[in-house]
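Each of the next two complexes has chain A plus one more chain, namely chain B in the first and chain C in the second.
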Partner chain A sequence: MSAPPTRRRLARVPLLVWVFLLVPLAAELFWVFWPAANSFSLALTRWDGIGLAEPVGLQNFRDLADDPIFLTALRNNVIWVVGFGGLSVVGGLALAVTLNRPGPFVGLYRSAIYLPMVVSLAVSGLFWRVMYAPEGPVNAALGALGLESLERQWLADPAVALGAVLVAAVWRQVGYIMVLYLAGLKGTDGSLEEAAAVDGANAWQRFWRIVMPQLRGVSTVVFAVTVIDSLRTFDIVWAMTRGGPYNETQLLSTYMFQQAFTTGNLGYASAIAVVIFALAIGFIITYLARQARTED
Partner chain B sequence: MSETTLTRRQLLAGGMTLGAAGLLAACVGTTSGGGGGGGSAGTGAVTLQNSIQDADPKAALEALVKAYQGGDVTLNSVATEQFRAQLTNYLRSGDSPEVLSWYAGSVARAYADEGLLLDVSSLWEGDGPCAGFSDALRSLSSDASGAQIFVPTNYYWWSVFYKRSAFEKWGVEPPTTWDEFHALCENLSGQGVAPLANGLSSTPWMASGWFDYLDLRLNGAQYHRELLAGEHAFNDPEVVAVMEEYKRLVPYFDKNAASYTAQEAATPVAQDATAMYLVGAFVSGYFPEDQRDDLDFFSVPVIDDAVPTAEEAPTDGFFAAARSDNHEGALDLLAYLASADAQQQFIERSRSSNLPTSPDVDTSAFSPLVQKGIALLNDTEEITQFFNRDSSDALQATADTALTKFLADPDSLTSILDEWQTAAEGVRGS
Partner chain C sequence: MTPQALRRRPARSPWLHVAMVPVTLLWLSPIVFVLFVAVRSYDDIAGRGLGALPASFTLDGFATALTQGGVLRSLGNSALVTVCAVVASLALSSCAAYALSRFHVPFRRTLLLTMLAGNLLPPQILLVPVASITAALGIADTLTALVVVQVGFGIGFYTFVLHGFMRSLPDEVFEAARLDGAGAGGIFWRIVLPLSRPSLAALAALATTWVFNDLIWAMTVLRTEAKFPVTAALLNLQGGYASAWNVVAAGSLVAAVPTAIVFFLFQKQFVSGLLVGADK
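For the complex of A and B:
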C-alpha cells in the first residue's frame, strides 16, 4: 500500500474523533505517564515528602541490595509469582476443562467459582482473616477432623503465613482464569478433537496436542494478566497481614507502600517501584518475544 | 490503599471528583467568607481534620463541633492509619485543613521543626484556655524554641488491667512487687489461665507496651527518652537487660496473641480465659458495657527501687497547620476545644476513660477507675508517652519488627537487637 491513500484516509477522520482521541491521551499523559516518569527521577533522590528532594544517584539501589526486608520481599515476590501464577493457571484451566462439558448445575458451579472475583481483594482479605482466626473455621475444621496437630496461627506463623495468604488470593483468581479459558475453549474446533480420537489419540494426548495449541492466544493473555496481577498484589496482603509477622509476608508492593507512606522515604519507595516496573516489563517482554518467535 | 488496583478510568473519575471537590471548597470559602459575621466570633470557615476513629469518641467530637458557635466547621473524619499516612500531605498542601487532631510530644515537634505548625502560644498565655495546664503538658506541647504548637485536650494512662471478679474467682490478688507479679503469673498458668493478653497482628506496636515499661522500671524514664532519641543503641547492655526481663514474660502470654488485634485480645479477658492486659485506658471501650465497672488496674510493679517511678500517659489533642488560610479561625476553634466545658463534654460523651488536661474540669463525677487513673499519674515521678510518640512513627516500625520477632523467637535476642539498631540508624539517617 502506498502512502497517499493512508494520508487521505487520515484526513477524512473527522475533527471530533481527534478530539475524542487526544483528550484521553492528554489525561493519560498527565495522570499516568507523568507521575510514572516522576517516580523514576524520585528513585534517584532522598525525599521525605516535605523538604526538597536531595539527589543521591544510585544510592537507593545500593541500599536496597543490603536491605534484608527488601530481599525478603523480593524472595516472597518470586514465590508469589510462581505460586499465585502457577496455582491459579493450573486450577483455572482444570476447572475450565471440567466445566466446559454439559452437565447438571454446570452454570451454577461456574458462577459460584467466579463469584469471589466480584468481591474486592480487601474484602476477600477480611473474610479470610476470619477463616484463619485462632478459633476460626479453618482451625475448628481441623480440630473436628482430629487433626489438632495441624492447627496453626495461620497469619502469625511466618512458616505458613505467606502460603495462607496465597491460598486466599488463588481462591479469588482461579475463577477469573477459569472464565478466560472457558471462553478460549468455546473457540476451539471440536472436529479436530474428534479426528484425533478417531486416529487413536487418548484424552491426555488430545488435550495437550490438539486443544492446548488452540488456546495459545488465551494463554498469552492469561500469562500477562497473571504476572501483572502477581507483581501488583497489594491489597489482600495488606488486609490480611500488613506484611507481618515481622515483615515475613512483605511483598515488594507492600514494602514500597510502607516505605512511602508509613516511614516517609519517598525516594527509597520509588526505587522499589522502579524494581517492580523492571521486573514486570522484563517478564512480559521476554514472554512476548518468545511467543513471537514460536509463531514465526 | 487501593492505588495499585486503580484503573485509568477510576483515576480519571478520581481526578474529576478532586476537581469538583476543589470547586465546591472554593464555593464554601466564598460564601462563608461573605457571611462570616453570623457567628459570635465570626472567624469564617474552618476545616477540622479528625483521626479519631472509635465510634463513641468520634460521635463526641461531632457533637462538640456542632455546638461550636464561632463559625462554620467542616469536620473530615479519616481512619487513623490513613490519617497517619496522609498527615504530611495535609500539612504541606497550600490549602491545608486549619486544625488537625494528633498527638503531643516528639511526633508533633517533628512537624513543627519543618515549619508546618502554627504557633499557638497565645492560647497558653494570660487567661488563654491552656494557661492553667500543667508544666508537663506545656513542655510536651512546645517546639524546640519553646513556643507552643499543640493543644492537648485529653490523655490516658497505661497499666495492667484485669477484672476484679475474675481475680476473686481465681483467688488471687493484684501484685505489689515484681516477684509477686511473677508468682501470680505462675499461679494463673497453673490454673490453666493465660496470665497476659496481647494483640500483635495488625497492631504490632502493642509489643512496645511491655518494652517501654520494662525499660522505665529498669533504666528509668531519662534513659528511655535518650534511647528513643538515638543517644543509646538498642544493642547496649541496658537494653539487653530489658529484653532478658521481657523474655521471662514470654511464656505467660496468650498463645494467640500474635493473631489477635489489640481489640480482639480483650475478648479472652472479658471471657475470663486470660487474666491481665498491659494496655491503655482505651481498653475499657473494648469490654461489654456490663463489665466496665468490674475493670480495675495496677501499675507494672517496681523492679528496681532506685529507679524513679514512671508511667506512660499518651496525650491527644489538636494542632493547627501553618499553611492554612484561616489562622484566626483555627485559634478560635482550638480555644473552644481546649476549654474545660468542651473537654468535659468530650470525655463524658465519648464514654472513654480519658482524663482532661484542663485543671478546671470537674472530675468528681468520673468513674472510680478514672479517679484511680488520675491518682496514679499525680503520684508518679516521671511521665512518658509511648514509643512512637516519644520517637517517631518510623522508629516505631523498627520496634514492631524487632519486638514481634523477639516474641516469636526469644532465643535470637542478640541478632534481633543488632538488626534493630541497624534499622534504627537507617531511620535516623534518612
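For the complex of A and C:
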C-alpha cells in the first residue's frame, strides 16, 4: 500500500482518540503541573496554611542561606549523592560483571542481591533500625569479632548516623543498579572482548577499554536516575532517624517535609522544594534527552 | 553470546563462589536477623539482647502487630489503594499511549516527553499544593485522595513506556482491522490492549510495588491513623512499641510479604519493567 493514503487517514484524529488523550493529560496537569507551578509562587510567600499567604519576595531564599539546618541538609544531600550514588553504582556494576555469565548458583546470587528491592524504603529503614539497635546484630557481630571499640549507638551518634542510614539505602539500591548493568552487558558484543584477549589485553584493560564504552547508554540512565533518586530520598531517612540526631541526618527532602507538615511554614518549605527542583532539573533534562533520542 | 563463544571460555573458577557466598549471606543477613527477632519472645529479647540468636520461638510478635498494632487493617488500606491506583493509572495511560502512538496528534512528541517529565519531578515540589488541593476538594484525609494523587503522578511514566511498546506493533495488524471496518475504539479494545499484555504486566508489577511501598504521599494526604497504608502505619507502630522489637520486626516482615510475592510471581516482568529506558 502506498504511503500517502495511510498518512491522510491517520491525520484525521477521531473524537474518541482526543478523549483518550485529554483525560489522562488533564489528570496529570491538575495533579502534577498545576501543583508544581503553585509551589513556585508559594515559595515567594509566608504562609501557615490557614490565613492568606503573605508575599515576601525572595526573603525565604535569603533566610535559607542563613539557616544552619538547611545548610546541613544541603551538605548531607551532596554527601548522599556522592556516597549513595557512588557506592551503589560501583557495587552494582561490580556484581553485574561478576554475575554476568550464567553458571551454577548465579541465579541464586542475583536474586539475593536484588531481593531488598522489593522491600519498601520505609520497611528497609525499620529492618536496619533493628540491625543498628544498641544491643542489635551489628554491635553483637562487632563484639564477636573482638572489635568492641567500634561498637556504638549507630543512629544516635551524630558522627556516624548519616553513614549508617546511607549503608541501609545502598543495601537496597545495589540490586537495581546491578539489574540495569546486567541488561547492558547482555547487549555488549562478546567477540570484541575475545579479540582484545587474543591481542593480549588483560581483564582489567578489556573491562575499561572494551566493555565500559559499550555501556555508556546504561551509565547515562544510571547516573541520571541515581541523582534524581538521591534528591528525592525521604522514606528511609524518615523511617530511621527523622533527620536526627540534632538534624545531623537531615536531607533537603526531610527538612522540607518537617517545615511543611510539622512546623507549618508552608512558604519556607516551598522554597526548599524549589531548591530541590533546581538541583534536579539538569539531571531530569539529561534523562529526558536520552529518552527522546531512543524514541526516534 | 553464541554457544561457540561460551565453549571457548575457560571453566569457571571456584573463586566466584568464594567471593559470592559471603556477599550473598551478608546481603541476606538483615532479612534473616529481622526474621530471628520477629519469632523471639519479648522476654528472650529483653533477657539476652537483640543481637543474640533465637532461644525461643513464638508468633506473638506477629499476632500483636497484626491486631493491636493495626498492621492487618493498614494492609487492607494498602491493598485497596494499590489495586485502584494501578488499575486506574494503567487504564488511563494505555488510552493516552494509544492516542500518541497510533495517531498524528499535533505536538505528540512534546506531549509525551512533558508527561514523562511530570513523573520525574521531585515529589517535594508537589506536596504542599497537593495537600491544599485535596483539602479544597473536600477529599483531604481520604483513600480516594491518595489514589488520585498516585494516578496523577504515575501516568506520565506509564504512558511513556506503553507508547514505546504500542508504536512498535506491526502496521499490518491495524490495516487489517481497518479494512474489517473497526473504529479507533474497537482497534484499541480488540487489538492494542491484548497485544500490549506483556508491557502492561511488567508495568503492573512495577506499579504495584511503587504504590504499595509509598510513604511520602500517604503522609502528605492522610491524617487519620485508621486510614494509613502499611508503610505509614509501621512507623507509628515503631513509635508505640519502641521497646517491643519483636512486634516491630514482625510488622515490617508482614509489610514486605505482598511485594515479595509480586516479585517472585512476576520476576521476569518485574525485571523487564525496571529495564525500561535503560535497555537501548
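The criterion applied here is as follows: the second predicted complex is superposed on the first by the 264 of 296 C-alpha atoms of A that agree within 3 Å, B and C clash if a C-alpha of one lies under 4 Å from a C-alpha of the other, contacts with A are read in each partner's own complex, and residues count from 1 in each chain.
Just so it is clear, a contact is a pair of C-beta atoms (placed from the backbone, for glycine too) under 8 Å apart; a residue touches a chain by one contact, two chains touch by 3 or more.
These figures come from a predicted structure and were not determined experimentally.
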Regarding the shared-chain residue A:A273, is it in contact with chain B (first), chain C (second), both, or neither?
second
Where does A:L71 make contact in the superposed view: on chain B (first), on chain C (second), on both, or on neither?
neither
With both complexes superposed on chain A, which partner does A:A195 reach: first (chain B), second (chain C), both or neither?
neither
In the superposed arrangement, does A:T262 touch chain B (first), chain C (second), both or neither?
first
Of chain B and chain C, which one touches more of chain A's residues?
C
Between chain B and chain C, whom does A:G244 touch in the aligned arrangement: first, second, both, or neither?
first
Using the superposition on chain A described above, determine whether A:V82 touches chain B (first), chain C (second), both, or neither.
neither
Classify the contacts of A:L58 with the two partner chains as first (chain B alone), second (chain C alone), both, or neither.
neither
For A:Q153, decide between first (touching chain B), second (touching chain C), both and neither.
first
One more residue to check, A:A133. First (chain B), second (chain C), both or neither?
both
Chain A residues where the chain B and chain C footprints coincide 27-28, 31-32, 49, 121-122, 133-135, 232, 234-235, 238, 253, 261
Can you tell me which positions in chain B touch chain A when the two form their complex?
1-2, 4-5, 8, 11-12, 15, 84-86, 88-89, 91-92, 114, 116, 200-202, 204, 255-256, 258-260, 393-394, 397, 400-402, 404-405, 408, 419, 427, 430
Which residues of chain C touch chain A once you look at their complex with the stated criterion?
1-2, 5, 8-9, 12, 16-17, 19-20, 23-24, 27-31, 33-34, 37, 49-52, 92-93, 95-96, 98-100, 102-105, 109, 111-113, 115-133, 148-149, 151-153, 155-156, 159-160, 164, 171, 175, 178, 183-185, 188, 209, 212-216, 219-220, 231-232, 234-235, 238, 245, 248-249, 251-252, 255-256, 259-260, 262-263, 267, 271, 274-275, 277-280
In the complex of these two chains, what residues of chain A are touching chain B?
27-28, 31-32, 46, 48-51, 68-69, 121-122, 132-135, 153-158, 232-235, 238, 241-242, 244-247, 253, 258, 261-265, 268
Counting only contacts in the complex, chain A reaches chain C at residues 1, 6-7, 9-11, 13-14, 16-21, 23-25, 27-28, 30-36, 38-39, 42, 49, 95, 98-99, 101, 103, 105, 108-109, 111-113, 115-123, 126-131, 133-141, 143, 171, 176, 179-180, 183-184, 187, 190-191, 194, 217-218, 221-222, 228, 231-232, 234-235, 238-239, 252-253, 256-257, 260-261, 266, 269-270, 272-274, 276-277, 280, 284, 287-288, 290-292, 294-295
